[in-house]
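Common to both upcoming complexes is chain A, partnered first by chain B, then by chain C.
And now, the complex of A and B:
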């Protein structure tokens, strides 16, 4: 490990250079990135676990690839994320459900948005976080803005090739790998002498309880007309 | 149509047996498309750009390309490419000179939209007076938009760069369009030997779900951004998202290096790495530079060649390393502005070592003698003018 960490918690400045401009590349298969250096996965996992266990307000940000249950592997991955969250004391889950810019602004307690992710980080004083199930492009935008303007320790559990701008980046991460990381968290927790009984993270207090009774076409705004059949139109098939 | 089986890109590009054919550059483009499992080709195929898109149209008629869309003009063609790719298709188009510039607004938006496509560019001048001859000044217009830009020396490069362009373009950590540029006429209309893998093999189909962005959805950026431009509203966060978005495009461009090394054997090719004088060239100028290097070697002069395959990403570190002990660097080009010369000067120390030229333009050929004259000059050799070989 180099003496000077290339990628470390910020704030890194007004508009810092992206990690790839500093010579950091995504890790090769079977390896991980730790502060911009290629290391064994185990080493990166331990450092990530330590950050989530010792820094303030640890939070997991699940993205659409985990939240929306596209397929069985996504559902399994979502279960693994919950199992991981249960093992991290006082861990919160704040979703990144989509990538739409939302104006006038998001509710930072309810969600994180890639167009201004630092609002959620700063509002909730989050000092360690995990991105999982976020499409790489949007994860990279978020990780860069968080490193620029906050002191948050970022961890990317990427299903593809990884993220240079996270302090810890694991690649090819699927449900089994998340459970492997969960085991490292438990091991590290014991090493640090932190007592904790696994339990579900708290309900997101800002989101009203979904009862599936109050969905209205009006929720779809200007697109509502797409939901409504035109006069005389009979829709026989749908995807 | 020959029945084709899907094979691994590494096998098709790097390992499959090859057979030598004598074909034009346009045919080389078409042979690559035949093996690239292309879903849709879209173009406004004017004459006399080249026959590339006509040949690709013939591939559609034979069944190798699933769909072919003839647009109303280049802006429509390049916009339709963006739509098709965002919808999950693998797409190819080709254009040149004025057509390229007409489509440029759409083309330079592809990187930001993360559009993995391959675009052939047969250079032919953009400026008045009108010319339809080889002159690659239009490549200069492509260098600052985030596109990956390859410059092919000959018909073999056209085939190799185009076929490899698809897997490079579609890597999740890259996901940018690839431009394969080459000189019109000299390469597109002339024949050369090309080693081709079997035509009964093709790349795997594009998997649009293996991507850094979701497939088309008008509720997510950048589509939404185009519609109501929310990130351009005036507050600090909006500027920051735009800034990091641009950073992401150029980061992706950087990440392409390893895949270019993997599929094309490096961003540059070096002949005689211990040379005293180097010729640095791309495209057809590299072919003439290769001849000049050979002539110089025959005369006992210590001259090397650096052929630049990839203009974006630019081989900064590679050039610094190869040229660190060079006494002089000659940059022959087929354009008046010297875009490659400027690039080389910008990345190496002691830029006064760079000889700005020789340059030809407007469709002129680049005689080897012009390059030899520069070699003699920098080595202090006085020569009687004579015909070489």
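And now, the complex of A and C:
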């Protein structure tokens, strides 16, 4: 069976062949992708649930379409994602709030960036993850990069047509479908005999709190003049 | 785009990185900040990979603090130094192919006007002298001829700084650069006069030494573009690497140039002048 899997957890190596070049196409409506094969949604959901319940450090990566409450369906979807996270034992949520490149680098415990998603996955030793609410082009980019460089089992809960590069890809996923997936997770958890009291994942171990209200230009020391040159002031020497 | 896009979905406040929580709570979205309060609010751009002492980085920092509506703004850039910082800001950024920024901006502005007829969506192009006056010259000029309603800001470092120091059309005559050892043979292009002739309704030339003035010019250029037509700012942002300006002297250099060929210059059409006078009267009353 293992030989038949077209898309499987990596590392597949630097710049792997895209799934679409391997003959994988997005699933038709009502179907899903499992290891690159078109299957019923139920089968794909069960395999995804099993991965999230049995592999190390399961994590949900919500994207901007979930994190920002720009309309009622986004807010509802966000709620459903939190409900799902509660049912997965020791699940973490690491957000992808936007796609801009970050210099010098991101804090891999606090966020994931589509330009180098492998950093977050390798740092946190994540072996199963769910992408939800990430715009398709950046999901494609990230999923392929993850397959190339990590052994992470990727699950794409896509609101559009699905993603070939994920091990499990569901399409047309909205709040109700996420809740359906949550029910499958609960069912599978019982089947596997895993005991778990639903609870919220831990908070973002974020950057240190900065007290912006008290920052003064003088805190910039000798460079303060660059921020606030005074009228008539001519700085000739700064050191 | 819009204020609704900078509200964290309920329940996710505790999962967002601190940077984003600060951006929403103490950022510029939905309010007008004073550029003199820099450091007292969460800025739209903070980290960037530009060289130490880069004056362009300073200008870009002031630029973002001056935006009248950052939540309704799209910035366009192209190859060159500026995009290194522009792409890291918390404002949507589009990277055009070298030279086509003003063509992309034209289409974008038109599309936004159709999509949001009752709202102002600001489009701002920030590109270097190479992107706007050399390789992108045709597209820049034609966007002005067509009277496209967006702002073009040229961050002029007078050299191709990214690629090793080739002369650009904006390099001063006679200047010797790494890749122009004989010295430049021709005069610097007079971009400001070109902009006036080509149909811009607001034109400014500035050496960014005074943050308050930079903010005023940027704000005016964006507001005038909303209602009247193309606007243009020519800003001197020295390349301290290619011109070998010691870091501690970049400001002195900017002041020096301000006294010579980068004297502050502002020009606008009568209707734009009238509009600002009206607006400023209202602001004084308020």
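Just so we're on the same page, the second predicted complex is superposed on the first by the 203 of 239 C-alpha atoms of A that agree within 3 Å, B and C clash if a C-alpha of one lies under 4 Å from a C-alpha of the other, contacts with A are read in each partner's own complex, and residues count from 1 in each chain.
In this text, a residue touches a chain if its C-beta (ideal position, glycine included) is under 8 Å from a C-beta of that chain, and two chains touch if they have at least 3 such contacts.
Because the structure is predicted, anything quoted here is derived from the model rather than measured.
K.L.:
Per the contact definition in the header, classify A:66: touching chain B only (first), chain C only (second), both, or neither.
P.N.:
A:66: touches chain C, not chain B.
K.L.:
Who does A:6 touch here: chain B (first), chain C (second), both, or neither?
P.N.:
Neither: A:6 stays clear of chain B and chain C.
K.L.:
Once the structures are superposed on A, label A:101 by its partner contacts, choosing first (chain B), second (chain C), both or neither.
P.N.:
both
K.L.:
Which partner, chain B or chain C, touches the larger number of chain A residues?
P.N.:
C
K.L.:
If you stack the two complexes on chain A, which partner ends up touching A:86: first (chain B), second (chain C), both, or neither?
P.N.:
neither
K.L.:
Would you check which partner chain A:75 touches, where first means chain B only, second means chain C only, and both and neither mean what they say?
P.N.:
In the superposition, A:75 contacts chain C only.
K.L.:
If we overlay the two complexes on their shared chain A, which of chain B and chain C does A:115 touch? Say first, second, both or neither.
P.N.:
Touch status of A:115: first partner only.
K.L.:
Between chain B and chain C, whom does A:15 touch in the aligned arrangement: first, second, both, or neither?
P.N.:
After superposition on chain A, A:15 lies in contact with chain B alone.
K.L.:
Enumerate the residues of chain A that count as touching chain B in its complex and touching chain C in the other.
P.N.:
98, 100-101, 103
K.L.:
Would you mind writing out the residues of chain B in touch with chain A in their complex?
P.N.:
114, 171-173, 175, 210-214, 219-221, 224-225, 230-231, 233, 237-238, 240-241, 243-245, 247-248, 250-251, 254-255, 258
K.L.:
Under the stated contact criterion, what part of chain A meets chain C in this complex?
P.N.:
It comes out as residues 62, 66-71, 74-75, 78-79, 82, 93, 95, 97-98, 100-104, 107, 110-111, 201, 203-204, 206-210, 212-213, 215-217, 219-220, 225-229, 234-239.
K.L.:
Using the touch definition from the top, list the residues of chain C that touch chain A in their complex.
P.N.:
2, 4-12, 14-22, 26, 36, 38-42, 47-49, 58, 84, 87-90, 93, 209-211, 248, 251-252, 255
K.L.:
Which positions of chain A touch chain B when the two form their complex?
P.N.:
15, 18-21, 25-26, 64, 98-101, 103, 114-116, 118-119, 135-138, 140-141, 144-145, 148-149, 160-162, 164, 223
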